[in-house]
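Across the two complexes that follow, chain A remains constant while its partner is chain B and subsequently chain C.
So, the complex of A and B:
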């Protein structure tokens, strides 16, 4: 009773504090409930629990220069898509911080990224069950004009605990023009970062380094519509804790990413090249799995939002790949033949990623290999060439059309035995058409087709051709209804020519969204924001609620 | 457990109280397309309303929303003086596509990059698009999750309501 009273008093004083200090509370809430029905035809298992649930609540209190925040997370039990290590309830994320004279201090959990993430990125993607938040101390400091420093020390989160490795990091960025008050039209921004990880040595046989490090330098040059960004990273050897000599790798790692962009009104172009070699940085040297990955090699392909375009997605190989990408954006002017009344938008995209010559760098007493720097003739991992057209025909009708050709090295990207499925080549077409019936009422149809073939004879048949259709009716600002069907009509195995039907109804009001869905989902790789994971097949009812305040 | 519930309930109660007065923008840095760091609290529009819209180059409904508003943006600005701020949450995978996409689309919006989602988290944005309306005093007075065709009309009604008040 006394405790309750104290809590009550504490809450009241919190309330007073908020009112007096001009402070405020913000947050968001999300709940995702899924029931599972067994369906042998798609290998969907029924969960023992019948219903699984993920939920979280974020609360942030801020007042002038002061901020505190926490997240309550609940996995009872985690959805099948999630790692089963997410189990139970807790407050795995909490922090406090304040800013004074350009110095920002954070104690507790934080997310951080150095440069483009080649040597360090701590982030969260709730939809994919990724959260490697740091727990420790972070300082950010703005020194005079155009110079900013960031440094931290901490451990990274894995599920409801923290990985063994202790990370120390520092990053500096200088805006040359601002610092030296240059009046140039060309602008230069320079940056450098350093990361070090300590993990206790436990190997009885080999001397492996307890402290390993990685560093990176970056340069950004801007002039008018031009923008160049380049980042180069290096990792000092980080052998795993093996007892077998031929499995130890004392080679260092490296990566770079470069992009050149030009844009003006109505036109834009981006060309990119990147390479990674033995560049996986883990929070615990012996672990596998995405929860332990602490750096990010940005995926070099267009993130597709249409289902059949994303059935065979690109996944970055931090251990070794070389890739290029080109994007052209063009808007055909209105009033021209192709532009029509509103103009037509065209996006061309090409990407190609292949392996490194002889595999990634390897160094021990038996092997000493470092691959050629630029060799584009190696085993193809992924390629995508596509064109997207977006057009408004009149006040009521608009469409989006995509045609793509993708090559996907299924054996390599999904870790199969070479020769099992080989390499797939698919041609995909998408037409997304929306028609405005009257004020606030719109109906939208999506039709997609994927025609796929295996490029060489393989021991197993891939899934073959797919069709997909979707109809969606929306009533602004509150309602949406959607029905969709994916049909694997081209499967060589007749018993697998299945329909994957889904019905979804949603209600939206301000910042709250309720959605109920029922249907069958196929097993496959699901990609959001450039990260991919395998999701199991499921068949059942789904309820999701999200809101923010 | 009961304590936690009681505590959370009171926090909610407070949150509701403060909500009624309208919230301020958080103290968070974002980057311009020219690589300059700015604080989101420094954004202003001479006492006229601002719209902050979270989007990404890979998000279809986001682009639909911003392209639809782009067609009527001149009228909106003329009638209400409103300014639209588009916050891209593209991470380093697709960040390099933001400037070419924005310029090729003829958008007249102010565009900022939030590549590690710091602002997104601070404003309680769990999915994109998410649109906020800020009044002349810098307070958030309305927000909306998602975009379906026609939602821009409701947004404009809210903007007009602010201006005529």
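So, the complex of A and C:
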């Protein structure tokens, strides 16, 4: 009822405004339909509804300093890789805002992030089924030269409702050079943020803080090709509301991330280190699930796009991890032996993430534990060393080749009992070759192989080795056709040595894209930026339509 | 003026936190005095669980901890259900010589409740506290960390019904047959449709359970749902206008071994991956559990339990 009323108000306001001003309306639409049939071989379940649907429409109207927008969402019912709490239709996202005298006001829903997100990130990621948009009031204000301030108060979205926690936040950023009018070649940007969450809680046995705060400071220094970014975050005691003493954790949380980059034409190097300890901030302290996570620890591993490189991805552990990453990019000059006529791009990447000594910080009347600050000898969660070569051979042929070695602690990262699957070590090779047949006609072949072994004895059978091949034919600018097959030929369980074949056809016209596909999906983990979800296996037809105006 | 404004804002935000120094435990907990009450408000915690769910023992221990604080006002019901964590392993002496997780704790009623309330589909462990929030915008499936707070709120609600469970055996009965009489009384004038549900639970079943990173052979399963004596969603008990002091009586005469065999057959023939290993019930540890709920919103208004052998 409330939503209908707001929609009505929006429509009226919108029509009146259009009548009065030459404003602009923009929008985008997405529809994703998928049928699910039972396939016992890959453990895929049929949907009672046969066809499931996710769809949304964004509409934004802006005029001068005024903006108003909404998103209609439809889950009838949600695709199986979405949380089933996304159910039904509604307008869960609507807002209005205007800017006056440097003050930007937003009322309704908004997304926000402080710094790199260590203490607060409200965002939407459709691929993961995450949308923790805030609902409340946000103010942004530019105070003189180089100083900006933003603050908000609101509740975060969980599916079609809101979490109990009320968040209050403030963030300030100062461009030192601009503020103090320094003529320095080195640029300094300082930032600080503060978040507080209120939840009404009672506990007959333990003292419970109802207002839990976190704060962070950050520094960015830029000089020529050098770029340093560092951020430190701290969270005060945030115990769950339990009556079990061993579940009550009054330890503070902390996290930092540091990166140093040097780049010049044809060369770049980045070294990063981060650590998180007891740094999960939820919109309701007792809840489980991604929908309630309100902060973000950026991942330190390379985001791979190729299927077999991403089959064992790294999920960031906000409760405790220590990681390092080194990334080097170099372009071998054209005209040299290795560079050839067009030059050759080479990217080397190494990342390693391990746990904290003795686990995350713990504090209550009977326990007091703080892990060592730097201890790289602890249980390995994930490591990845890879090299990628991108080369254009002539005006018609180019390729991208990757060789990687990854170590994946499946038991820990997937929440299994130690010894079930153990730690997997995989060597993956990818060759992506594209050939331009004639103007507007391109064919692309991808071949991938993954050779995997369990590093220790495990009670469950391993999936073992995989092969994958893909052929894609593109007729620009309208059509593409693709066929791909993944073959789990090395599965220790012979009955699971299966093919996962997919066929897709797409048609593009302007900003509108239609795609229809049929095939099988493997059960697995899908991650974006270290935030992951479990994707169930499926077999069926899918149709997607996206457009914008 | 600007500076003053910033100081005000900073003060408001920075004061919005509570740093707590130990000791973290409150002082002595005063037990709730119920000696002068004929009936007190009891709370049913339905703990949806599974023996291969590694986080489920945390929920069971929370239920115990809540019971330790509030005593007999807290009644637990462990419902092993769902497609992931409750299914038993196949009986396979070669592949599974330790006989891990081969017991089938599931029941037809548990599966039906799980399907209706969509609990395990949202991940275990989850529980319902008196089934509140089923008809509201909130979520009726509560993570175990929410239970203590909700129980505190629920206990402050008015007592609308009283339940008294009477269990008898007569000489003509089978050794495992019982006369169970549920005597209920309205403690307030009400209007609506109310249902009575009666079921059997078994406490202290020692069997395998995943517990964190361990497979525990000696885990003690508590308040395990065994059988229903009424239909899953109860039987008509009182409807329309009820006066303060109205009393009701419902009787049942179950034969426990028959119910046990029903479960074995159901596991063997109906449940997915069932293996029929659902027997070995122990009368000494069994309880009769009865609750009354409001059909309009599914909220449980009163619950009571009693040892089957009157222990």
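Throughout what follows, the second predicted complex is superposed on the first by the 527 of 549 C-alpha atoms of A that agree within 3 Å, B and C clash if a C-alpha of one lies under 4 Å from a C-alpha of the other, contacts with A are read in each partner's own complex, and residues count from 1 in each chain.
The definition used in the following text is that a contact is a pair of C-beta atoms (placed from the backbone, for glycine too) under 8 Å apart; a residue touches a chain by one contact, two chains touch by 3 or more.
None of the values given here were measured: they were computed from a predicted structure.
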Based on the superposition on chain A, does the combination of chain B and chain C result in a clash or a fit? fit
Please indicate which partner A:143 is in contact with in the superposed arrangement: first for chain B, second for chain C, both, or neither. second
Touch count on chain A, higher of chain B and chain C: B
Quick one: classify A:287 as touching chain B (first), chain C (second), both or neither. second
Return first, second, both or neither, reflecting whether A:454 touches chain B, chain C, both chains, or no partner chain. neither
Which of the two partners, first being chain B and second being chain C, lies in contact with A:161: first, second, both, or neither? second
Considering only the touch criterion stated at the top, classify A:248 as touching first (chain B), second (chain C), both, or neither. second
So, does A:237 touch the first partner chain B, the second partner chain C, both, or neither? second
Contact-wise, after the overlay, does A:425 reach chain B, chain C, both or neither (first, second, both, neither)? neither
Least C-alpha distance (whole Å) that remains between chain C and chain B when both complexes are overlaid: 21
I'd like to check the shared interface: which positions of chain A are touched by both chain B and chain C across the two complexes? none
Where on chain B does chain A make contact in their complex? 2-3, 6-8, 10-11, 13-19, 23-24, 26-27, 33-37, 56-60, 63, 67, 71, 91-97, 99-106, 115-118, 121-127, 130, 142-146, 148-151, 153-154
Residues of chain A touching chain C in the complex: 83-85, 143, 149, 151, 161, 168-170, 194, 196, 198, 201-207, 209-213, 236-237, 239-245, 247-248, 250, 284-289, 363-365, 415, 417-418
Where on chain C does chain A make contact in their complex? 2, 6, 9-10, 12-14, 16-20, 22-26, 29, 54, 58, 61-62, 65-66, 68-69, 118, 121-123, 137-139, 143-146, 148-149, 152, 210, 213-215
So in the complex, the part of chain A that touches chain B is made up of which residues? 3-4, 7-8, 10-12, 14-15, 18-19, 23-28, 30, 57-60, 62, 65, 67, 72, 99, 111-113, 116-117, 121, 123-124, 126, 148, 175, 178, 187, 189, 220, 222, 225, 227, 229, 257, 259, 261-270, 272, 296, 298-300, 302-305, 327, 329-331, 342-343, 345, 347, 390, 400, 432, 434, 436, 439-442, 444, 474-477, 480, 508, 510-513, 529-530, 546-549
